[in-house]
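One structure coming up, written as C-alpha cells, with questions to follow.
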Amino acid sequence: MAAVSAPAIEAGPGLLRQLLRRRTVMIGLVVLCAVALLALLAPWISPFSPSRLSIANRLKPPGPVYWFGTDEFGRDGFTRTLYAGRLSLLVGVSVVAFACVVGVTLGLVAGFFRRLDTPIARVIDAMMAFPDILLAIALVAALGPSLATVIVALGIVYAPRLARVVRASTLVIRELPYVEAARALGVPTWRILTRHVLRNLVSPILVQGTFIFAYAMLAEAGLSFLGVGVSPEVPTWGTMIAAGRQYVGQADWMTLFPGIAIVLSVLSLQLVGDGLRDLLDPRLRKDL
Amino acid sequence: MMGRVNSVRRALLAGTAAMVGAFVLPTGSVEAQTKGGVVNVATVGEPPTLDPMVSTADLVGIITQHFYETLFTFDKNWKVTPLLAETMPEISADGKVYTIKLRQGVTFHDGSTMTSEDVVASLKRWMDLASRGKQTAGIVAGVEAVDANTVRMTLKEPYAPLLALLAFNNSAAVIMPAKKMENPLKEPVGTGPYKLKERKADQYIQLVRHDGYKSRSGEPDGYGGARKQIVDEIRFVPVPDANTRIEGAISGQYDYVDALPVEAFSRLQGQKTTEPVLLKPFGWPVFVMNTKQGIMSNLDARLAVRTALSEEDMLTAAFGSKDFFALNPAMFPKDYIWHTTAGTEGAYNLADPEKAKALLKKAGSEGKPLRILTSRQYEFHYKMAQVAAEYLKQAGFAVELMVVDWATLTQRRTDPALWDIYITHSPFLPEPALTGLLSESSPGWWSTPLRKKTVDAFNSEPDPAKRPALWAEVQKAIYAEVPGIKIGDFNALSAKSPKLDGVVPAPWPYFWNASIK
Amino acid sequence: MSERPDILLSVQGLSKTFPTRGGLVRAVEDVSFDVRRGSIVGLVGESGSGKTTAGRCVLRLVEPSAGRVVFDGVDLAALPARDMRAWRRRMQIVFQDPYSSLNPRLRVEDIIGEALDTHGLARGGKRRERVAELLRRVGLDPEHARRFPHEFSGGQRQRIGIARALAVEPEFIVADEPVSALDVSVQAQVLNLLQDLQKAYGLTMLFIAHDLSVVEYLCDEVVVMYLGRVMERGPSRLVYGAPRHPYTRALLSAAPTPDPKAPRGRIVLQGDIPSPLDPPSGCVFRTRCRYAVAACAATVPAAEEVAPGHAVACIRRDDPELNEPALSPAGR
Amino acid sequence: MTRYVLQRFAGMIAVMFVVVTVVFVIVRIAPGDPASVMLGPDATAQDVASLRARLGLDRPLVVQYVLFLGQLARGDLGESIFLNRPVLSALADRAEPTFFLTIFSLLIASVIAIPVGIYSAYRRGSLFDQATTTLAMLAASIPSFWLGLLLIQFFAVRLGVLPVSGYGGPGASLATRLGHLVLPAVALGVVSSALILRFTRASMLDVLGDDYIRTARSKGMGEFRVVMKHAFKNALIPILTVLGLTAALLVSGAVVTETVFGLPGVGSLVVSAVLRRDYPVIQGALLVVAALYVIINFLIDMLYLAVDPRVRY
Amino acid sequence: MSAAPAEPILRVENLKTWFELGSRVARSVDDVSFDVRRGETVAVVGESGSGKSVTSLSIMRLLSPPGRIVGGRILYRTQEGTEIDLATLPEHKMRGIRGREIAMIFQEPMTSLNPLFTVGDQIVEMIRLHEKMSRREARERARRMLELVEIPAAARRLDDYPHQMSGGMRQRAMIALALACDPRVLIADEPTTALDVTIQAQVLDLLRRLQAELGMSVVFVTHNLGVVAELAHRVVVMYAGRVVESAPVNELFERQRHPYTKGLLACIPTPRHGRTDPSGERPRLTPIPGSVPNVAALPPGCAFAPRCPLAIAKCEIDPPLEFAAPGHLSRCWRHDEV
C-alpha cells in the first residue's frame, strides 16, 4: 500500500516536536522532569535534613509539617523521598551510562566485525541467560555490597541487553548503502562506525536506555529491599520501602510514598520510552 | 551465637517469679486438655545447626530443648532444679566435688537407655566443643562415672556458676548417647519429650512425640518438673522477616510467633486470631567494644563513644514507646538483687558531642573509621546502630555501618581485625558471672588487671550475701573501662493464638505441656 | 580491442562465492569484460544474475573470490586492503535505493562533504563552495545543503547520491540500478542527468540494470548476465539489433512495450530461474532454453566473439535454427 | 531440519559453556579466598588448606577451570556450606514452590495478557487499546515486592482469605500449597502480564499489517477467523519466545516475591545464601537457572519446528 | 481491440478515500469515477501516490485505518442484475462479495500468502468459505485451479508451503486462489511488479489467457504502461488521487488528451532494437520536471499544473473530468491542445 507516504519521521531535529505531540509522552516527560528536578533540587526544596534524627517526631503521619510523614527515626519522609530520588536516579543514570559504554561497544564491534560476531554474540546470549536480579545478586555478593557495586552489577546485567539491540541494528546498518557508500569513498572504519553506524543507533539506544533506566531503578529497589544491595542507611526508594516494611499497618506512609515515587518515575520513563519506540520503530507505522 | 553467656539472646529471668511476673502458671488444669494437635511456631529463621552444644544461638536452644535434655534446668523461680539428674548434686564441703545421681530408665530416641557412660561422654564433648563447656573445662579436673547411675565432677577450685552453666539450654550440656555424638552430628538423638521427624531447611522442622519418654513426676515447674506430651506435633517454621511474622500472627497462620518487634504490640491487640505476649523486662542491648585491636582499643575513644550516645534516642528508635523499654544504666533492673548504680553516675545518656570530640581528639583517633558491626536480623540492633551512627558522626567519628546477617556477624566478631563495635543483647541472667562482657575470651576481649581482680573476687565468693557488693565492683570496672555500653532495658514481644493453651511466657518458649483447642 | 590503453577497466575471470546457511552461493562465476575509457557499459540481468555483486567486486566493496580487476593497469583485486583507499578517489558508486543510500542523520552538505573530507579535497569555505557547486551540477538548489535527506523526494535524493559520487572527481562510476526505485516520470530526469554528467566529465561508467530498454538508451556496450555468468556481451547496437544468445533474445522480447499495436512475437521462457545455490551443470541457461541439447549440460560454453567485440556464450551460437528471426520485423 | 536442530543444539552447548565460564569467573572475582570464606573465620589454617586442596584452589586458574568443568560434567554442583548438603539436592528441594509459582504466574499472566494483547492490537488506537497499554505500563512499573506488600495487607491481613506466607506445613496437601501461591503468583503475574501483553500486542500489530492478512480478508473471511487463524498463528512465534523469556524473568521476580511471601523456593534460597555467604549455593543456583533458560530457549526453537514450516524446510 | 459494448459490472462513482493523519488529511483518492464492463480489462495506471492501489482496496473495502471511504459509490451489478453499493454495504454482506464475486491478487507474491499454511489449504479455505463442499471436493477443486494456472505437478504442489515455491509460482498460486470461487471481477494490484521480466511475461500471458477463457472482468492496477498496452481494453490514468484521463487503450496510446499521460509516455524508454539516431548521438528522453506531489499537501487547482508545460493561469481552478473525444475523458482545461 504505497498509496500514501506517511510523513517520514526519522530521529532528527523534528523528533522532539513529534514526541511532544503525544499526550502520553508529554505526561511522561513532565512527570520525569518533575521527579528529576525535585531530586536534584532536594537540598534547596526539602524542609528538613535527610539524615538528622528527631526521635521525638518518629512515626508521625503525613500532615502539614511532615507532608509524607516521618520514619522511625523521626526523619521527614518528604525530604528523604527527595534525597532518595537523587540516589535512585543516580543509580539509574549510572547503570544506563555503564551499560551504554559496555553494551554499545560490544554490540558495535560484534555487529560490524564479522569475525568477532559469533564469540561476542555467544557471550551476550549467555549473559542474557541469567535472570537480571539473580545475576545482580550474585555479582553484588561477589563484589561486596555498596552503591558502586550495585551500579556495576546492574550495568553488567543490562549491558548485554543493550549490546544485543545494538548488534542487531548494526548488522542491519552495516549492510545499508550509505555505509557502503562511505566505504566506497574510503572513509576510515572508525569514522564509519561513529558517523554512520553509531549516529543512526541513537534512537534504538535512546529507547533501550530509557527502559534500562526504568528497569535499573526497579532492580535497585528490589536489591535494596532484599537487603543485598545498597547499604540500608543509604536512602534510596528501595531501602526506604525496606525500612518501612516493618511498620506496614502502623505507618503505611513509610512504604507508600517511596513506592509511589518508584512507580511514577518508572512509569514516566516507560511512557517516554514507549513513545520514542513508537515514533522510531517503522514497523509500527507500517499501516499509516 | 552471642559468644558466651551474654550472647544468650533470651533472658533467663533472674530473681523471683513474683518480681518478674513472667512465670505464671496457666489457669485451668493441663490434664483437662485432650491429647493431639499440631503447634505451628514461627521462629526468626533457620537454625544453623541442631547440635545445641556447638551453637549458642537461642533459636537452636528453643528447638533442641524439645529433644535434648540437660542434667539440670531451671524451675519457675529460676532456681536450678534436676532434670536428667535424679536430684540436686551432692557438693563436697570444699565446693570442688560434685556427685550427680542420674534418673533411671531414661531412654534415648533410638531406644537405648541412658547410662553414666553417656553422661560422661556428653560432658566431655561439651567441654570440647561448646563455648560454655570450653570455658568451664579450665576449672574442671575430671569427670568420671562412679557407677551406672552416678557421675562425679571434680573442680580445681570452687566455681559458683557451675550448676547454672549445666542447666543452660544453649551451648548446652545436653546428654546424648555415647555412640551418637560425632561432630557434626548426623542425627539428633536425645531424651526429650519430642523427637525430630523431618527437617526441611528453610521450610520447617517437624517434631513428634517421643513415645518412650519418661517424664519426671509431679507438676510442671518452669522448665523443671513434669513434661507432658499433649500435642502430637510441634513445627518450627522459619520466618526470617519480622513483618511476615506479624502478619502471620494476625492472619492466624501460626499458633505461636516468636520475637516480634515490640512496636507491633498494638497491632496484635484486639485480634481474634492472636494475642500479644509481653516479657518485661526481657534483657539489655549492648554495644561491645573491640578492646583488642583498632580504634576502640583506646580507652578514651571508648569513652568518647559513650559520651556521644543518646541512649534514650536509641531505645526510642528501637522500641518506640516507653512501655517497651526503660532507661537504666545499671546492669540489672531495680527489682534484682544485683541492682546497683555504682559507677554509672554521669556515664549514661550523655549525648554530648563536644565532650566526645575532645575525648576523641585526646585519643588521637579523629577521622579514623569506626566500624560498627550489626545485623538486621534483630531490627532493634540495626536501629540503635543507625541512631548511634548519627550521634557518633556528630562527635567526629567516621562511622561505617557494616550490616550483615546474624550468622555472618557471629562469624566476623570472632576476628578482631574486622570490627570496632558490635551490637548484641543479653537477657538478665540468673548468674551475673556468666555475662559475656566479663569473659576475656569472648569477642571484645576485655582483659585488664581491674577486670581480673573484680571478676575473680566475685566468682570465687561462695557466700550469696556478700556477692552483690562484689558485683557492684564489677559494674564499676565496666563503667571505668568501657568494654561495652549497656543501652538500657527492653521488653520482648511474642504472639500466641488463643487456641494455644499451656504455653508459659518464657524466654525460650517450649511446647511440652502445651495443648491446642 | 587491441588498443590496450583505451581500456580503463578490465575484468577477467571474476568469481564470487558466498557461504550461506543453505550452502555456497556462486553469485558471480568467471565473468570477464572490458570497459573503455569514456564509455558506458551496461550490466544487465534478472535477479540472481550476479550483476550487482559483480559491480561491488569491481570496487572491492565485496572481496572477489577469484579473478582480476585491472583498473588503469593495476589489479585491484590483488591490492592489500589498505592500499585501496587511494583508488577510491578514482572510482565511485551510485546506489539503487535513494532512501537507504543517504545517512538520515547527516545534512546534505556533510553527506557530500564527507567525500571531500576523506580525501582532504576541500575545507571550510572551499568545502561549502564545492558542495554548492556539486548540488547545482546535479540540478539541486545549493540552498538545500543544510537540509536532511528526508526533506527531499526520491529523485532529489538520487541526485544527492550522484553529487556525493562526483565530489571526489572520479574517472569511473558504478551506477547500480540508479533509477529502478524511482517513479517513471522522475526516472528520465536522472537518466538524462547521468548522460549529461558522463559527457561533461568524460566519465567511464558501469551501469547496472534489469531494465533492458533503459540500458539501450544509455550504454555503448552491454553485458548480459544470467545466474552469475556472462551470456552475451557486445556493443549495444549489436546486442539489441542482432542478439545471438537465446537468453538475450528472450529477455528482449519479454519486456512489455508501451504500444498496444506492437506485434507480439514474444518468446516466453518456461520455468523459473534456478537457485544460485544449485545452478545447472554446463550452460546455466539450458534448463529454460528451448534450443538446449544434450551437449549443453556437459560443458560450460565459453564466451566467444561472433563479431568484433560481440561475444556469445552458447555452443549453438552459429546454429541457424537459433538465429531465425524470432523478433518482430521492427527489430531489423 | 536436522541441520536446524543440530545448529540450535550446538548453539545451546556453546552458550552453556559461556554460562559456566561466567559463573566460574563471578565466583573467582569475589575478593578473598573462597575456602576461608566458605569455612568461616573459625576455621583453622589446616582446614582452609585442606579445603583449598580439595577444591583445587591451590592450582593454576586454568586447572581450576578444568576441574570445575569436570565436576559439573559429573553433575556435581558442590556442597552447601550452611546447609551441609549437596547444592543440587538443596536446589531440588526448593524447586517445587518456584516451579509452581512460575507456572502459576505465567498462567495468570498469559490468560489475561494474550487475549487482551490480541484485542488491543486489533483495535489499535482505540480507547481500549490506550487504556490497556497504559495499564500494562503501570503494571510493569510497580515493584513486585511493593505490590506483594499491598496484597498481603489487603487479602491476607485485612480480609484474611489467603495465607500470608510460607508454603504450608509438613504434609500439606497440594491444594494448601497452591493456596499459598495465589498471592505471590498474582504479584508476580501482574508484572509479567504487562510484558506479555506488550509483546502480544506488538507482534500482533506486526502480523496484522502483513500482506497475507489482507489476502485472508480478500477471501471474504470473517474478522475473528482472520485474527485468530491467520494472524495469531503467525504472531505465536514471537509470543512463544516471550513466554519462554518471561518464564526465565519470573525466576528473577521469584527471588523477590519468594522473599516477601516467605516461600521456600529457589529464589529465597539464593537470597538467604547471599546473606549466609553460601557461595556454592549461589553458584549452583545461577548455573541451574541459566541452564534452564538456555534449555527453555532451545525448546522454543524446537517448538518453532512445529509451528513454522519455514524452519522445517 | 475495442471494448465490447457490454453493460458495466462495476461502476465507481466519485469515490473519495481519505487518510486522516493527525491534523492533515491525505486525499489519496479524490472523486474517482470509472466503469468496468463485463469481460473487460480496465487498467488503472499511475505513479506512486496516484491513489491507484487505494482505489482497488476501496473497491474491496480492505482499507485499514486511518483510511476511510468518505464519499462516492461503488456500484456492483450482481448476477441477478441488481446494483448494490459496495461503499456502504454492511461488512457481513461484503464478506460474501469478497472472494466470491470480486477477488483480488496483490503485488507481493512473497508475502501475500500465509507462510504457515500449505498453498492447498489456503485455496481450500477460500473455497469452503463460499461454497458448501467437503474438504475432499474442495481439495480436488484446488488441484484443478493449480492446473489451470499451469503449475506443474499440481497435486503434489498442493502440499507445498509458500516458501517452497518461487516468486512466479507463488503469484500463480495466488491467482489460483483468487479464481477458486469463479469470481466475476478480478482486481489485480500490480501483480507482476515484483517479478523478473521473464517471469512477468509468463504471468501476463497467463492472466490474458484466463481473462479470455473465463470471461471475467479485470481491474488491473499498474504503473507500467508497457503492461497496460499489452493487457488492457481500457485505461484509467491517475495522478495525485484523481483520474486525469480515461480512454480505450488504442486511443490513449495514439492520442493523449492530458499532458501528464503524454509526458509519461515520453519518459519511457522504448525498445529501439539497435537503431541509432542519424546524428549518431545517443537518444534522449523527455522527462517531466519536478516530482510526484504528496497527496497530503496538494495545492489548489490542477495537481499536475506545477509540472505541466501547458499550465496556464486557469489551471489554478480544478478542471473537471470531461469528454475530450467520444469515450475519451480528460481532466485538463487544454485537452484539445495536448
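Each chain gets a letter, A, B, C, D and E, in the order it is written, and its residues are counted from 1.
In this section, a residue touches a chain if its C-beta (ideal position, glycine included) is under 8 Å from a C-beta of that chain, and two chains touch if they have at least 3 such contacts.
Protein identities per chain, from UniProt: A, D = ABC transporter permease; C = ATP-binding cassette domain-containing protein; E = ABC transporter ATP-binding protein.
All values reported here derive from a predicted model rather than from experimental measurement.
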* Structure fact -> Co-neighbours of subunit C and subunit D resolve to A, E
* Structure fact -> The chain pair with the larger count of contacting C-beta pairs, comparing A-B against A-C, is A-C
* **Furthest chain, CA centroid comparison against subunit C** => B
* To do: Quick one: report the Å distance separating subunit B from subunit C, using the average Cα coordinate of each chain.
  => 91
* Structure fact -> Taking each chain's mean CA coordinate, subunit D and subunit E are separated, in whole Å, by 52
* To do: Indicate the whole-number Å distance between the mean C-alpha point of subunit B and the mean C-alpha point of subunit D.
  => 42
* Between subunit A and subunit E, centroid-to-centroid distance (C-alpha), Å -> 50
* Sites on subunit B at which at least two other chains make contact -> 241, 247
* Asked: Which residues of subunit E are in contact with two or more other chains?
  -> 48, 64-65
* Can you tell me which residues of subunit D touch two or more of the remaining chains? => 153, 157, 209, 259, 275, 277
* Which residues, counting only subunit B, touch subunit D once they are in their complex? -> 38, 40, 46, 48, 184, 197-198, 200-204, 206, 235, 237, 239-241, 244, 247-248, 250-253, 273, 404-405, 407-408, 411-412, 414-415, 418
* **List of subunit C residues in touch with subunit E within their complex** => 46-47, 153-156, 183-189, 191-192, 195, 210-214, 216-218, 236-242, 250-262, 264, 266, 268-270, 272-273, 288, 327, 330-332
* Where on subunit D is subunit B touching in the complex? -> 40-42, 82-85, 90, 93-94, 152-153, 156-157, 160, 163-167, 169-170, 259-262, 264, 268-269, 272, 275-277
* Touching subunit A in the complex: which residues of subunit B? -> 241-243, 246-247, 261, 263-264, 266-267, 310, 312-313, 316-317, 320, 376, 379, 382-383, 386-387, 389-390, 401, 403
* **Residues of subunit A touching subunit B in the complex** => 51-53, 55, 58-59, 72-73, 227, 231-233, 245-250
